[in-house]
Amino acid sequence: MTEEIIIAGFGGQGVLSMGMILAYSGIMQDKEVSWMPSYGPEMRGGTSNVTVIISDTRISSPSLNMFDTAIILNQQSLDKFENAVKPGGLLIYDPNGVNRHPERKDINIYQIAATDKAAELGIARLFNMIVLGGFLKVKPVISEEYIELGLQKSLPERHHKLIPDNLKAVQTGKEIIKAIQTV
Amino acid sequence: MTEEIIIAGFGGQGVLSMGMILAYSGIMQDKEVSWMPSYGPEMRGGTSNVTVIISDTRISSPSLNMFDTAIILNQQSLDKFENAVKPGGLLIYDPNGVNRHPERKDINIYQIAATDKAAELGIARLFNMIVLGGFLKVKPVISEEYIELGLQKSLPERHHKLIPDNLKAVQTGKEIIKAIQTV
Amino acid sequence: MSEVRLEDIIKPENKVYSKTDLLTDTVMHYCPGCGHGTAHRIVAEVIEELGAQNNTVGIAPVGCSVLAYNYFNIDVQQAAHGRAPALATAVKRLMPDRLVFTYQGDGDLAAIGTGETIHACNRGENITIIFINNGIYGMTGGQMAPTTLPNMKSSTSPFGRDVEMMGNPLKITELLAQLPGTAYVTRQAVHTPAHVRRTKKAIRKAFDLQAKGAGTTFVEIVSNCNSGWKMTPVDANKWMEENMFPYYPLGDIKIPAE
Amino acid sequence: MSEVRLEDIIKPENKVYSKTDLLTDTVMHYCPGCGHGTAHRIVAEVIEELGAQNNTVGIAPVGCSVLAYNYFNIDVQQAAHGRAPALATAVKRLMPDRLVFTYQGDGDLAAIGTGETIHACNRGENITIIFINNGIYGMTGGQMAPTTLPNMKSSTSPFGRDVEMMGNPLKITELLAQLPGTAYVTRQAVHTPAHVRRTKKAIRKAFDLQAKGAGTTFVEIVSNCNSGWKMTPVDANKWMEENMFPYYPLGDIKIPAE
Amino acid sequence: MAIKGAIVVDIEYCKGCGVCVGACPQEVIRLSKKVNGKGYNFAEMQNDACVGCSNCAVVCPDGVITVYRLKV
Amino acid sequence: MAIKGAIVVDIEYCKGCGVCVGACPQEVIRLSKKVNGKGYNFAEMQNDACVGCSNCAVVCPDGVITVYRLKV
Amino acid sequence: MKELRLMKGNEAIAEAAIRIGVDGYFGYPITPQSEVLEHLMAEKPWEKTGMVVLQAESEVASINMVYGGAACGKKVMTTSSSPGFSLMQEGMSYIAGAELPCVVANVVRGGPGLGTIQPSQADYFQATKGGGHGDYKLITLAPSTVQEMYDFVGLSFELAFKYRNPAIILSDGLIGQMMEKVYLTEYKERWSDEYINKTFPWATTGRAADRGNSIITSLQLQADKQEEVNLRLQKKYREIEDNEVRYELINCEDADYYFIAYGSSARISQKAMELAAEEGIKVGLIRPITLWPFPTKIIRELGQKSKGVLSVEMSAGQMVEDVRLAIEGKVKVEHFGRFGGVIHSPAEILNALKTKIIGG
Amino acid sequence: MKELRLMKGNEAIAEAAIRIGVDGYFGYPITPQSEVLEHLMAEKPWEKTGMVVLQAESEVASINMVYGGAACGKKVMTTSSSPGFSLMQEGMSYIAGAELPCVVANVVRGGPGLGTIQPSQADYFQATKGGGHGDYKLITLAPSTVQEMYDFVGLSFELAFKYRNPAIILSDGLIGQMMEKVYLTEYKERWSDEYINKTFPWATTGRAADRGNSIITSLQLQADKQEEVNLRLQKKYREIEDNEVRYELINCEDADYYFIAYGSSARISQKAMELAAEEGIKVGLIRPITLWPFPTKIIRELGQKSKGVLSVEMSAGQMVEDVRLAIEGKVKVEHFGRFGGVIHSPAEILNALKTKIIGG
């Protein structure tokens, strides 16, 4: 099994940490993982993305141009990465602020209204965990229990009390994700 | 004609300027010339030497290990350069302060007591011109008139009034140089 | 009064303030609320007022303001980290009738560029240095700068600047004022309208003195780096008043004799 | 009195002064009359008096004193031009119980090394800097230094230092005294017996303060470069008194509070 | 004679930093609940008390405020 | 009780700079007419007025003077 | 069991430094490697192992602090990225000349000049041929995983002290910024003063009666003496070339072609190799781990018998010169590179193999 | 008739700068090249041509002053020697990246480190491969006479402005310190502001209505943009390689062997050639004048047909790599060098030819 994922969105959306939790969870499940962020100068704003690879075998390139899965959190990222999904691959996106929806016919497309849901539940900070949940629903590359272990490893001790809320958000994500097109 | 000369002595003896006057005179006589000094950090004292080449043709290496003529002004330089005279070549030295005299049998050896003479005449600053005269006596590689032209070119304008004294010292050198051994 | 409608007021002939054309229309990449933008604008306004657009060479540093050349509609050179005063020295000496200024951050000017700054000022190069002191390395992600306050947190002093270990904040501006080469040395800010107006006057004064060949003019602007300080822009400005100003008191430090 | 013969006086038990063993027997390469030699000797004497020969690390600069390591019979590192304070910073932090000093010329310390000097002092590195100010680059043949006096001739200011073009002499010592990191800053000389004795006391004080962890201690020694100045040693010392001292007045500039 | 002012915020360029809000002596400005294309809550007039003093424009880091003033 | 001093100059190491000459309160030292191996006119005592004050040794850049003192 | 962590390459360097008992780190921030200093400052190793960490005023100061520390026989290091490493060139030459063991990591970004902060491998020449003046060599290790970023800190110090020679870790923004699994080693104690005194008599730790005074210098005013220094250095370099070449061979058993690639490029070339295999093209990968000493012998051995060799670098073509020197014109050698911060895609690499070597 | 002078190589550089109309010189003293600044200060060219001369506070400042001046379209230059040139590496990379024409002379001395102040050629790699970071090239001219020291100042500026690329003069302490005849050219006027504005619209001379504002930078935060910059640079470099190779052939008509040597080494090798001729050994000398672009083609052409080639350098073997790349293993290539400030003797060179090539 090798799952090559790109997660892309605005700077403040928790893209990098989502990738990190995913990667750490992969480690807990004894997988090989890599996490490769886009990076730029410090200034706030702009887009951000991270390539996460989870695999049963040694990972060759951590930097890729084509992905099994693209998790897309804003319009710019959709424009940039829609065509980077392998045929037959998966594209998950949050429709918030998106005015041009994905158009490819040869990939699986799912929507997750995580922004709205997070706002509704008053858990804006856990927005990214909702998205993560949605992804895991569609592609259960990591088992439930390892996500908890991954959170334990990736969050600093003082934030461990928030783990239950995180897991609840993952659960929420699993519930609200919906298929738009499956191929 | 190519004449390869090393002039060596103490820092303050005017070794470099003697070489320069010789080289400039060579230029005036339409020769090819090169002047290559030893150089070191600024501190006063220590020895100093310069390689001067005067030739009718393009000069290849300005840095040499064997010379047609060695003009030697102290013991250290004598020790260092005696063996660098080509067989049949010329060694001129000032005996002042020298306690081990040249020993080679296959070269021409001349003595010039320029230090003493200069002191006697009260022209310590022209010591080097006396030596130059001695050399030119033995090897007239540059004609008299060009030495004057060489002096004119190499001395700054404000010192031109000293040229006659310089030429007189050259003359003195021609008079006092004496052969020790000719082969 | 409510009979006056907005449409009546918003007419070209009623315009009293708008962004100077000496700035381009490019969106500045600075974080929301960052003082760099304000500082840029008033520098540009002064150049415009002096009619010096075609007679000015600016030198951008390495730091958040590295892209200043995209915003100023004048000729700009981008210098290696800390070396802007060296570039400016050459530019001014080679073209003495141009208005020449550098625009530098505290890491650029007071850490890696200490030598170039001090020697340009000491030679009394007839240039103006605009110095944005935000107490941190903004561009690279909020590391400690020479000007970071005691106990202030940064990504390389995550438990606060420990002066025993990391040294004291460097008041480079006060040092430069000691040099005979500097003609005018002042410390200002741009977070309130009053300060902006005062700083603009200071820049004007610096440029005027440069035109007179007075020597090096130096305008420090204490500013925020809300991103590096991890605060909202408004909180950052408040924190700056409460913490930076006591350490870096505003006002003229050296003014020309006459 | 003439009945006392020299042989009676010159006996080991009557010896009152001789060169310290902390200097090696190697002939110093300095020009006749150069102050470097004297400065070396008194630094060595203080180290000897402190019994610190095996506990000291010296840092030699690039300049005439580059070969200091051949003369001091202690461990010495030879630094790149201007960087001695950076080396000393690391040495002292890694081995805090050693006595660490740099020995630097004015070109080394106040031109190329300005940044390292200021930042080491600003951090209050617990080291001692011995600064030989002879107003010129001795080693490379008498070029202008940052400290060269106005109108003073050097090989790169052959018509005298023109302050308009070449800038003012840099009083770096006064600047360093402004920094909170420096504990003791003084300016001395070594051309007369009285000055030598006073300077030795200053060095002793600096080393003592270092042992107490007081911060950076800085001893400037105004000295001659008779070779670069193109004078006899004796004339050079006279010229120094008449010209250098008015510009670089001798005495303590900063002394520790207590 | 009264002075009436108005500001025009270049909404797409505004970064919603809020610096202008506190700078206005007349408490004219607030940050909108709406966001612009870059996701910023831009500045807007919340009343007609503006006197056209330009304070807001002068401190706006992004120079996105234009100020108008009319003597009525 | 008088104090008699004497100095010993390490002639071969002396560079004839003359700094010691002016430093001596007793005008004991002069530069010799003779030169050493390096060509320097070395320092020497010219009289027996030395009081062993060490001034000369203390200023000698090359540290070539050793001073002796005897109370007689 | 060894401790396992998900870490950035930069953090791995910092963590390794703490754990293997490095004595001092001196550095100046620059993207994409500032995490090294940040991680150290956050971990406060001075409380754990006594390690000194200092943010210097510049890269020039950093490298000279490293000189000072290394001269004391201490394990000291710095890290930087391209422009910062350029500023260290005088210092590197001094350190090499004075034969001081130390470690410098360059997390390369796209140049020239201020360039970009994205990954690049265009500092190969600078690292391997000598960016500073004079004849000297730096032991150059090129990690291609985060684990190697960690491991090579220890390895570099080992080699540096073995040969009294600076060692550098030539990495790039990709390896520096990416996270992977890292197995951490146990904390080791720093060397004691006694150990250093005994083992490194050249170190300036304060003169000792039995060894006299130590001098650390790179100066010899007399040319013949300086030539002796150089001869000693050259002898040492030959010894390192004989003993310390490191490389990895992947799928080289019956390859028709070879990729030669190091660091990030090796990772991406490996993916290209997978793609090639899918198409039935037999490509092997020779991954130099030491860039100097360069694995000339194995490249010559394998490469000269192959049908062609592609040097894959994120540069305009630098390592390819060493590959050519190894191949000696026997078979086709080409370079494929993206540069200025652009990372090549696996597909591009395969394509380059097809057009430049197979079809070329 | 042209004015004739006996001059040091260093003085010749300075005098040429004044006479060809250089606008600014910025430098810091270092042996063996301080005579450049000294000669300029003594000549007061600011009174003659308006040339600016400034002693900078360091080499780092010098090179960045050069950056600032060159960015104005002015003819500016600096000179230094090895350690100083190492300090300029960041600046060189910036200048290359920003495509600024300027001239830098490195009067090389023996390294590494502080080394010695005697002549050396061990900065060849640094000059030709890139001592700074990133993919860039410096046009590198190697004078072997004092006349060439003079002439190459003008030539360097010509090439620098033709290609908007820095050019360097790679000399050494021997050529810098020796005196030879120099034919001086007439004083030329410096370029007027109008000329510069018209000819170099990129120059930051103050914005002009017709060209808008000029920006001099080496930054492109986006990798793909930075790659474009690099592609443009590489294209330019290929062009320079095609057009600007310069070399001298001496006695190459029917040579059995070749010396390849530049600068001082070429002079000494010429003497060795004379000695060889006396013994009936036919040796030719290929003297690269441009070290980059390197005269690969002619060396390949002549060398591959010879019985062997000896690369003679005052280094431990640097240019020899480029010679090997040219010869491609076709005939024997060996290196002979003295280093650390030692100058080889003609006899030694001949001997090396005999033992390493003829008998080897």
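Order of writing sets the labels: A, B, C, D, E, F, G and H. Residues in every chain begin at 1.
Methods note: contacts are C-beta pairs under 8 Å (C-beta built on N, C-alpha and C of every residue); 3 or more make two chains touch, one makes a residue touch a chain.
Here the structure is a predicted model, which is why all the values come from computation and not from measurement.
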The chains touching both chain D and chain H are B, C, G
Lowest number of touching-chain links that must be crossed from chain A to chain H: 2
In how few steps can one go from chain B to chain C if every step must land on a touching chain? 2
Between C-H and A-G, more C-beta pairs in contact link C-H
Taking the mean of the CA coordinates per chain, how far is chain D from chain G in Å? 40
Distance-wise, how many Å sit between the C-alpha centres of chain A and chain D, to the nearest whole number? 64
Taking each chain's centre as the mean of its CA atoms, how far is chain C from chain F in angstrom? 62
Just the number, please: Cα centre separation of chain A and chain B in whole Å. 86
At least two other chains touched by the same residue of chain H: list those residues. 31, 54, 57-58, 60, 83, 90, 94, 98, 113-114, 117, 217-219, 221, 343
Multi-partner residues of chain A (each touching 2 or more other chains): 40-41, 45
Can you tell me which residues of chain C touch two or more of the remaining chains? 30-32, 66, 78, 80, 111-112, 114-115, 119, 139-141, 146, 166
Sort out for me which residues of chain H touch chain D in the complex. 28-31, 34, 37-38, 41-42, 44, 54-55, 57-60, 83, 113-114
Which of the residues in chain G end up touching chain D in this complex? 23-24, 26, 52, 54, 56-58, 60-62, 64-69, 71-72, 74, 76, 90-91, 94, 98, 193, 204-209, 212-219, 221
Show me the residue ranges of chain H that touch chain G in the complex, using the header's touch definition. 60, 82-87, 89-90, 92-98, 108, 110-118, 120, 122-123, 125-126, 129-136, 217-230, 233-234, 315-318, 321, 324-325, 328-330, 338-343
Quick one: in the complex, what on chain D touches chain G? 53-57, 59-60, 66-67, 69-70, 72-80, 83, 86-91, 93-95, 98, 115-116, 119
Report the residues of chain D in contact with chain C in the complex, numbered from low to high. 111-115, 118-119, 122-124, 146, 166-168, 170, 174-175, 178-181
